[in-house]
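Please read the structure below before turning to the comments.
Letters A, B, C and D name the chains as they come in the text, with residue numbers starting at 1 for each one.
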Amino acid sequence: MRRPLLLLALAASTASAQTPPVKPGWQWSTDTVMKVVNAVRAGRSLAPKQWPGGARVGVLLSFDVDNETVQLRFGEPTVGALSQGQYGSRVALKRVVDLLDRNRIPASFFIPAVSLMIAPQQVDIIKKSGRHEFAVHGWIHEMNTTLPGPVERDLVKRAIDTLTSMTGTRPVGYRAPSWNFSPNTLNIVREMGFLYESSLMADDSPYELLQNGQPTGIVELPVEWILDDAPLFSPQGNAYANPRDVARVWMDEFDRAYAEGTMFLLTMHPHVSGHRSRIVALEMLIAHIKSKPGVWWGTHRAAAEYVKKQAGM
Amino acid sequence: MRRPLLLLALAASTASAQTPPVKPGWQWSTDTVMKVVNAVRAGRSLAPKQWPGGARVGVLLSFDVDNETVQLRFGEPTVGALSQGQYGSRVALKRVVDLLDRNRIPASFFIPAVSLMIAPQQVDIIKKSGRHEFAVHGWIHEMNTTLPGPVERDLVKRAIDTLTSMTGTRPVGYRAPSWNFSPNTLNIVREMGFLYESSLMADDSPYELLQNGQPTGIVELPVEWILDDAPLFSPQGNAYANPRDVARVWMDEFDRAYAEGTMFLLTMHPHVSGHRSRIVALEMLIAHIKSKPGVWWGTHRAAAEYVKKQAGM
Amino acid sequence: MRRPLLLLALAASTASAQTPPVKPGWQWSTDTVMKVVNAVRAGRSLAPKQWPGGARVGVLLSFDVDNETVQLRFGEPTVGALSQGQYGSRVALKRVVDLLDRNRIPASFFIPAVSLMIAPQQVDIIKKSGRHEFAVHGWIHEMNTTLPGPVERDLVKRAIDTLTSMTGTRPVGYRAPSWNFSPNTLNIVREMGFLYESSLMADDSPYELLQNGQPTGIVELPVEWILDDAPLFSPQGNAYANPRDVARVWMDEFDRAYAEGTMFLLTMHPHVSGHRSRIVALEMLIAHIKSKPGVWWGTHRAAAEYVKKQAGM
Amino acid sequence: MRRPLLLLALAASTASAQTPPVKPGWQWSTDTVMKVVNAVRAGRSLAPKQWPGGARVGVLLSFDVDNETVQLRFGEPTVGALSQGQYGSRVALKRVVDLLDRNRIPASFFIPAVSLMIAPQQVDIIKKSGRHEFAVHGWIHEMNTTLPGPVERDLVKRAIDTLTSMTGTRPVGYRAPSWNFSPNTLNIVREMGFLYESSLMADDSPYELLQNGQPTGIVELPVEWILDDAPLFSPQGNAYANPRDVARVWMDEFDRAYAEGTMFLLTMHPHVSGHRSRIVALEMLIAHIKSKPGVWWGTHRAAAEYVKKQAGM
């Protein structure tokens, strides 16, 4: 998640070689436009009338535990960059989990398999409270949108196997490392039998994914760059904002979710938000949310199971 | 409007192949400088002495309803990017229109034809109050500055036809998708009989466009990047500012427009400002403006008709 | 001043072809390092013990009146970009000068000759109060660091001639369009008999320029990117900050200049700071400075003449 | 430190030619992953139970005195860029040291040898209080990660010799100019007998460096881009934040370090933080820290010696 614009650019250029002809959109027929738009599309809303216990809003916290894999995936890690990644497992994860556990809040941890293999002690830290979920985030944070279908499928399969064996539970949730789909990603998600997917952005509330206009039974728990800690927290990146200012935006997102009675899903990264000046943003947010009645905190799995049941799926 | 610097760069490089010789400006004669500068130029001010009802300031809100077309135009859309676009018609447009309608405020919606074809339900949402205007914003948000004249003309024509047929009214306003002119754009705007144009930036108040020094009868309703929501609201972009801070700048622009008795024209995008933490900026702005007496809120069409009449055109 | 990083990059790559061998610095001898460093260097400080009237701090406001020349210089102006430039002469300059004249504050206007030729009515606006200075800022905001010596010299000469003829006074101050020197710039400044130069950054106070270790008699009035309105005010640029936040930084710069009893030199651009939400920053700054006793406001010319006399030059 | 992203990119691309095969990480065996990750890795924590005098937190201030070397290293300095560098020795260093000395606070100055040779008067300014440390920061701020091993070694050796001869003391601390390691850097640090290294980022507290899994006896005093003044203070850079806002982040980092009883290490640059509007940030931080009891201020050398002794190394 550290070079998102570059990653999207890579994804776009590679995906284009496989899917639509690379002629500009103004040369497309309306049929082509509709076919491309409908390949993967948001279907019926799965926003529940109320959340478990009669709560008016569902709050889902995600942590993408990338650590060194962001540096490793392209095969050119430097010593300095790897040390930034190690901070995640050595220092940051404990700080994050301590905060959650002190507040008795569940969260979902999307972990590239290699990240867990490099620092297997992370399993116990996350499992300690019994509240948290492990979910799939690729083998080594590979750029799934740039891979041939069989390679993408094999890496997802190995990721599932590794997480199952290391955590003792088969994961039911998938988040694409690139926060984007190749032409094969949805097929892979369906083949692997995932309960939910969490990489797309068409709504504030859960929805069912359509494939070429047909319902898939997959619950989409949508994300947003607004609700991600990485883009604005790197002093060496492009856009930047101070953690306390970013927390203000997150609170505005939450307040409207609360007013509208929908969902608030926030993605963070231990190696990003686990730094001392950034944990402040999460502390401010948790305190703000906890000051309101009628909030349900859940893992992504619990949310997906609940909305699916409510919708009679 | 999501990659404005890149778009301008593309526009510049293509336009240069068609118009002035690509030698640096310091090798140009003064005659060449003047000819290039005067090809399209701001003419007489159409700032009215007062706005309808004796108001001291005119407030014009624009929404560029780009949605998926920003991703489609270059022919390489990814699934993730398309889902960000779908957010516009699925969630954001209603949030924006509800806010306007609750406040009984008119606005002008500049919509690429393909954006409306992908989600035709947007027509009814916008038409519901009877206050809003539909205007042209290209066929598929094509980069008009990079196109051969006949292609640019054909796309504008198809856009007019589609909007006329889908909304029931022939649009009278044009905004270039690139917020910029090719060497052919002004000719096309004149041929198509548009009442007003809204893409240039030479003033804070309406003015008449000159072509090679001659009056055109076209009313220019000028825009500004300062008064656009897109450049500063993308966590993945370059420059960034929090919505509440951007609202402060918009209020400063309004306060001076109010003091000087001129015009305040703000451009937003539903898929940008319709997000929960950004609608806050528009809410703050509306509340601020509504606290002042002597404000006239109008569509771009109503403003153009009024200033033209006041100027005796 | 709109694409400063790119400009510096261009300058660097071109200058390198003419001057030092393009081998990395760690392969240079110490002699080469010293020779390159000393080609143009800050000499003795010309910070006066006190400013005219016994003032403790000198305040110098510059306006670089670039307008359309930023777009014209590379020979690829677009209609949209030119309209942004026209805003400078049509709207912004008057707003800026009105503010200065209302406060009876002098300023220095560094104007590319072509900018004045395109909109000659700017001369009278600036001359009206009798307080302001015209100074040289190139012919067409050419990238002086990239030009062969004779071309650079010819453009400076034409700029001097044009300003002399249009304003009635021969300018005595030079500011490089690139805020940087080619290997020939200092020679040209000396040949043309300028009193002062204002493009370099080695101090907060005036100093004498050295050339290859020898005093030149030229007064340097140093600038800084911190004290320029352009880098942080473009929503489409890279770094961005709200005008009110930038004003806070300028006030911090002033407060320390005041405490240390030195100089505060701020560069703005009418087409940048003359916008409604940015004039606020200048208004805040002026109000802040005017709240302190012991401040001398002067043109760059008046400052250069004063410090030269104080130093017995 | 002015173009950190570019520098990291350069480092990565060059390092990759020497070390791991340039195939993407998802094609690596687990053994390769582990070997690459463990080449240089954080070992046991050297966080002391308490700091000297029973203090609960150790505060270490670093200044990287780069000045002109940032411009010189690539062999293409411009006059303007060199003048920005000269500001460091001519104006900024004194302002920084005065602030430290007034507050009786020690600091460590990491100085490229060429920076000291260009302005040798810096030695006396730094030595005056008797509190500060000189340490190695390369010969000319060379990009150590891009150099062949023997060249990198030779430049470090020349830097040690120059600092020893100019300051009278052999330096015991090393900070890589690139804040990154080539495959040879750790070997060079060990061969040269340095007490500590300060370029990596795996913890908030001191730790021992491991090489291929073996303890090295080298104390790592970790840095972080969050705790560096350069990335956010350039109006011409990418990300930007106002100095007072950055100070708020530093205070948040300190407050958590204080609460956890660990270490606060901040890196600044005289030519960056020595500007008038930025020294404000350091003043705010020092005032904040001095308001708390139980703080130990030390040089990096004193900290390294202390934690090594506490750990029985």
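The criterion applied here is as follows: contacts are C-beta pairs under 8 Å (C-beta built on N, C-alpha and C of every residue); 3 or more make two chains touch, one makes a residue touch a chain.
From a predicted model like this one, the values you see are computed outputs, not experimental measurements.
*Asks:* Interface overlap for chain A and chain D, more than half of numbers shared or less than half: same or different?
*Replies:* Under half of the interface numbering overlaps between copies: different.
*Asks:* Rounded to a whole Å, what is the gap between the Cα centroids of chain A and chain C?
*Replies:* 49
*Asks:* When the C-alpha atoms of chain B and chain C are each averaged to a single point, how far apart are the two points in Å?
*Replies:* Roughly 34 Å, centre to centre.
*Asks:* If I count partner chains per residue in chain D, which residues reach a count of at least 2?
*Replies:* If we look for residues of chain D contacting two or more partner chains, we find 238-241.
*Asks:* Which chains touch which?
*Replies:* A-B, A-D, B-C, C-D
*Asks:* Which residues of chain A touch chain D once you look at their complex with the stated criterion?
*Replies:* The touching residues are 68-69, 72-84, 86-87, 90-91, 114, 117-118, 139-142, 147, 151, 155, 234-245, 275-277, 279-280.
*Asks:* Which chain D residues qualify as touching chain A in the complex?
*Replies:* Within the complex, chain D touches chain A at residues 4-5, 8, 11-13, 15-16, 20-28, 30, 33-34, 36-37, 39-42, 145, 176, 178-181, 185-186, 199-204, 222, 224-226, 228, 231-232, 238-241, 245-246, 248-250, 252-253, 255-257, 260.
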